[in-house]
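What follows is subunit A paired twice: with subunit B in the first complex and subunit C in the second.
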Partner chain A sequence: MSDRMKIFLLLAPAMFIIVVLFFGGLLTGLMRSFNYMPVIGLTDPDLSAYVSVFTDREFYLSFLLTFHIAFTSTVISSILAIGAALLLRRSFVGRGIVNFLFQINLTVPHLVGAIGILYLFSQSGSFARLAAEFNMIQSPSDFPALVFDPYAIGIILQYVWKEVPFIGVIVLANMQSVGEDYESVARSLGASKWQTFRHVLLPLIFPGVLSASVMVFAFTFGAYEIPAILGANFPAALPVLAYRKYTDVDLAARPEAMAMAIVIALLSAVMIYFYLRYSRRRIRG
Partner chain B sequence: MTTKETLGIRSFRVLTGAVLITWLILPLVPLAIWSFAKGWFYPDLLPRNWSLRAWEYAMSDTSGVLASLWLTIWISLVATFLSVLVGVPAGRALGMYKFRGKEIVELLILAPTIVPGIAVVLGIHSIFISLGLTNSVEGVILVHLIPTLPYMVLVMSGIFANYDPAFEAQARSLGASPLKTFWYVTLPAIRPGIIVGGLFAFLVSWSQYILTLLIGGGRVETLPLLLFNFATSGRNDITGAIGMIYILPGIIILLLTAKHLSGRSGAVGGFGQI
Partner chain C sequence: MTHVSIKELTKVYPGATEPSLDRLSLEIPTGELTALLGPSGCGKTTTMKMIAGLLEPTSGDVTFDGRSVLKDKPEDRGVVMVFQNYLLFPYMSVADNVGFGLKMRKVDPVEIKRRVGEMLELVKLPDLGDRKPSALSGGQQQRVALARALIVQPNVLLLDEPLSNLDAHLRFEMRDLIRSLQQEMGITTIFVTHDQEEAVVLADRVALILDGRMKQYDLPDAFYKRPVDEATARFFGGHNFVPGTSDGCRFDSPLGKLTLPEGAATGQGKLTFRPENVRIAPEAAGQNTLNAVIADIIYLGTQTRLKLRVGETEVDAIMNPNEVETFSVGDTLPIYLPISTLWVIR
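After this line comes the complex of A and B, so read on.
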């Protein structure tokens, strides 16, 4: 058997599943967003779903909110993750246990984290009770709204909680494979600690940080259950809005839901493209 | 070297480390407490009465929690099995061969790990309706392959990139059949990759919510769906108990694989999907 044939046979089942399910799903969504569905007699594609989505104020509010959630969560998580990795790269007593605790929430599903954040930060949650204990608030409504709030603070807290270890583990591995020699050289040549970090270590770990950030950004932009648990009703995050439209009793709203799904897919693709381009330029320096 | 400054920096480090670890564990604490609480009202810092009621309810046959647990295990096991079956050969092709169009194949496999599930699942739902796969366990298992399979392929291609096929050639030249060669030579060499990749594919499937909700139509009630329903209906004690059951496999898997998780291995990428 030739190598070409072998490669084809090895790849065929996986490619079949991914192309049919993933790209088939994407394509069907795209077709339906144009009201094109020959199976049920819709043979004249039109832009009506996009027109009604793009003339709806709720869509813009929802888009901005979702972008804010994804951007803020990614930036905060990345910065804290670098800090955490700097902390954990040294050797110290009990490092094994600390590393395990650092990784423990990697395996805890986002949904559980979201419920935990709800119980911690709601107006009758643990922190509100703590504030009441110290007479800082009189009643639950005095506690600042950190969940179901317009700034999506609860959602961002949840993502930061979950993604700091995710980016942190990747950055930590990067730091370990880079080693400390370059930094020692910079230090011996008179660079300050900050200069060494800023001009030596950071450029070396930056590609790793970026690729992890890309995954986090795309995930936080498209996740459903976290904003569904912790988010305000209006405006809702885009995935929540898309799901609502899709399950609306009015079947005519389905193409609008598809159009929103396509917007999410396009935005994640565009973001990834820009991030990768930027990171490549950074590496070439 | 115990000058004042280094001592100050050191205690700063210990303190920030302690804050960090506390913050990472903290959201799990109220869930655990709620599962043993018999009413826990504002402004009590801890429940006044403790009880095993939520756990008894969760473990009873009538609540459906156990049935949901078995269903979730079954779906994740089958999705993992299929991912291994299909992902190992694909990983071999990508890890061991250079061929034209390889970048495109890699991009096609990478795309589902980055594009959010909600972007594709609405279209899949339309297809599955016409195939009669909606509201069925089979449909849910199939749709779980979207996040689990690419991830398995990526892990296995990393394993095969460091794999020496010369041993296979030797076994074959000594008269072993292809099947025997695979069983006695290839499999032992790639087994660690299959185990780690499989455990993480299991976890990725285990944590799926929106794919299951839409394709299962709410009738395939896996543990995360049950958890979501109890959480939004305000049964905090039962939510706590189900939450504890739900995170257990992940923690066991982390204990088993901690050694393999250097962060450089492809396995860590899967955490982005959990």
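After this line comes the complex of A and C, so read on.
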């Protein structure tokens, strides 16, 4: 058997899953978004689903909210993760334990984290009750709305809590492979600590930060469960909106759900493209 | 123009039982080029990092012109270190690498551009400013690293194994470049190396460090002519050590009574002489002439190494290949040890 054949056969199982499930699903979704669904007698494709998506004001509000959630979560998580990695790469007593604690919530599912946020931060949650108990507020319901709130603070909190260790682990590995010698060079050439970080360490670890944060952005932009549990009813995040349409009693809403899903995918791709372009030029220029 | 003085400098790394550097003291006069020589792991790079402020000493002091700099931040010391693997910033062009130090000092970009151009001219790489470091050869990368260091006009320049990553033909070119730039700018320069040849070729003065302690701090030729002990002599390629007793004039040993130069040490000790100073005795045999038997001949191209036996004592000699062409193993060779080349180690 030739090498080429071997490579093809070895890759086949993975490729099968990717092609059939991913592109198959995408294709089905695409067809349905164009109102093409022969099973129920829809055989004349049109753009009506897209038209109704783009003429709906709620869609734009949802898009803004979803972008806000994804962007804010990604930026905050990345900054905190870089800070954490800077501390964790130093040697200090108990570093092993701190490192372990830092990574431990990587094993906790998102849903569990969301419920934790709900118990702790909602207006009937532990913090609200504690604050009332210590007379910082009059009653638990005076606690600021951090869950089901219009600014999606609860959602962002949950994402940050979950994604900081994820980005942090990648960045830490990156920093360790870069080593500290480049920073020594920069210091001896007259760079201050901050300048060394900004002009030397950050550009060196940037590829790692970038790929980790792109993953986080794509995930938080397209994820359904966290905004479904912790988000306000209106506007809802795009995936929540799409799911609602999909499960609508009116079957005619389904193409709209599909159109929305396709738009979510396209928007993610476009935003990631610009994010990569822009940030690469900013940091390395 | 900076006189660097190192006093009792000691470094014990956390968790280590032995110090990596043990009470090193050194005076480096303004504008001199000094080598810290020693095998890997002897504390040379540790010393450099402490001078640069990149590492804190356990005890001791570093002063520039009499003022302690230990409290100064690395960026305020006026010390620039060039690392062995150059460490050019890979994402920057050559010109940006060279201009880095000026940019950090917030020098006007037009001025930076002008001085980078001058500096690249000086290290003979005038047309490579736009390239990325990965597109340069090792020798070119090193010159860029040197330019990046010199552009900030440091008071003290530290070089880590400056010649060891270079091919033989580049070494002399680089040596000449470093020496001429250093002389021209009058920068007090310290470099570390494990290679005695590199130290001798480049330095005004050499400090030999073995096992974290300074053995000898001297002019380069002193390590060949007047080593302080056997370890020092061996580090510089010494092979001949004959035990015996000196009375100041003559050395009584298994080789017989040999005449010593004036001022030789007295008492129990070891006589040492360089293999390259062993000569074939002239017809009229005189003082310090011995009969040796050739045990082995090793041809090294430009020279020939002879393993000789004088009685029970082995003697190493290096000679011109033409001189010994006609001899073969087992022959008797009359040898002569010039008085001025003998040295007694106590």
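We adopt the following convention: the second predicted complex is superposed on the first by the 271 of 285 C-alpha atoms of A that agree within 3 Å, B and C clash if a C-alpha of one lies under 4 Å from a C-alpha of the other, contacts with A are read in each partner's own complex, and residues count from 1 in each chain.
Simple rule for what comes next: a residue touches a chain if its C-beta (ideal position, glycine included) is under 8 Å from a C-beta of that chain, and two chains touch if they have at least 3 such contacts.
Bear in mind that the values here come from a model prediction, so they are computed numbers and not experimental data.
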item: Three-chain arrangement built on subunit A, subunit B and subunit C clash or fit; value: fit
item: Which superposed partner A:200 touches (first subunit B, second subunit C, both, neither); value: second
item: Subunit B versus subunit C as contact partner of A:70, first or second or both or neither; value: neither
item: Superposed model, subunit A: greater residue contact from subunit B or subunit C; value: B
item: Which superposed partner A:101 touches (first subunit B, second subunit C, both, neither); value: first
item: Subunit B versus subunit C as contact partner of A:185, first or second or both or neither; value: second
item: Minimum C-alpha spacing, chains overlaid - subunit B and subunit C, in Å; value: 8
item: Subunit B partner contacts - residues on subunit A that touch it in the complex; value: 3-4, 6-7, 9-11, 13-15, 17-19, 21-30, 32, 37, 39, 83-84, 87-88, 98-113, 115-120, 124-126, 128-130, 132-133, 140, 158, 161, 164-166, 169-170, 172-174, 176-177, 212, 214-216, 218-219, 221-225, 228-229, 239, 242-243, 246, 254, 257-258, 261-262, 264-265, 268-269, 272
item: Parts of subunit B lying in touch with subunit A, wherever the complex brings them together; value: 13, 16-17, 20-21, 23-31, 34, 42-45, 85-87, 89-90, 92-94, 97, 99, 105, 108-109, 111-127, 130, 142-143, 145-146, 149-150, 153, 203, 206-207, 209-210, 214, 224, 227-228, 231-232, 236, 239, 243, 246-247, 250-251, 253-254, 258, 261-264, 268-269, 271-274
item: Subunit C residues within the subunit A interface of the complex; value: 14, 49, 52-54, 73-75, 79-81, 83, 85, 87, 89-91, 100-101, 103-105, 148-149, 152, 158
item: Touching residues (chain side subunit A, partner subunit C) in the complex; value: 91, 181-182, 184-192, 195, 199-200, 203-204, 284
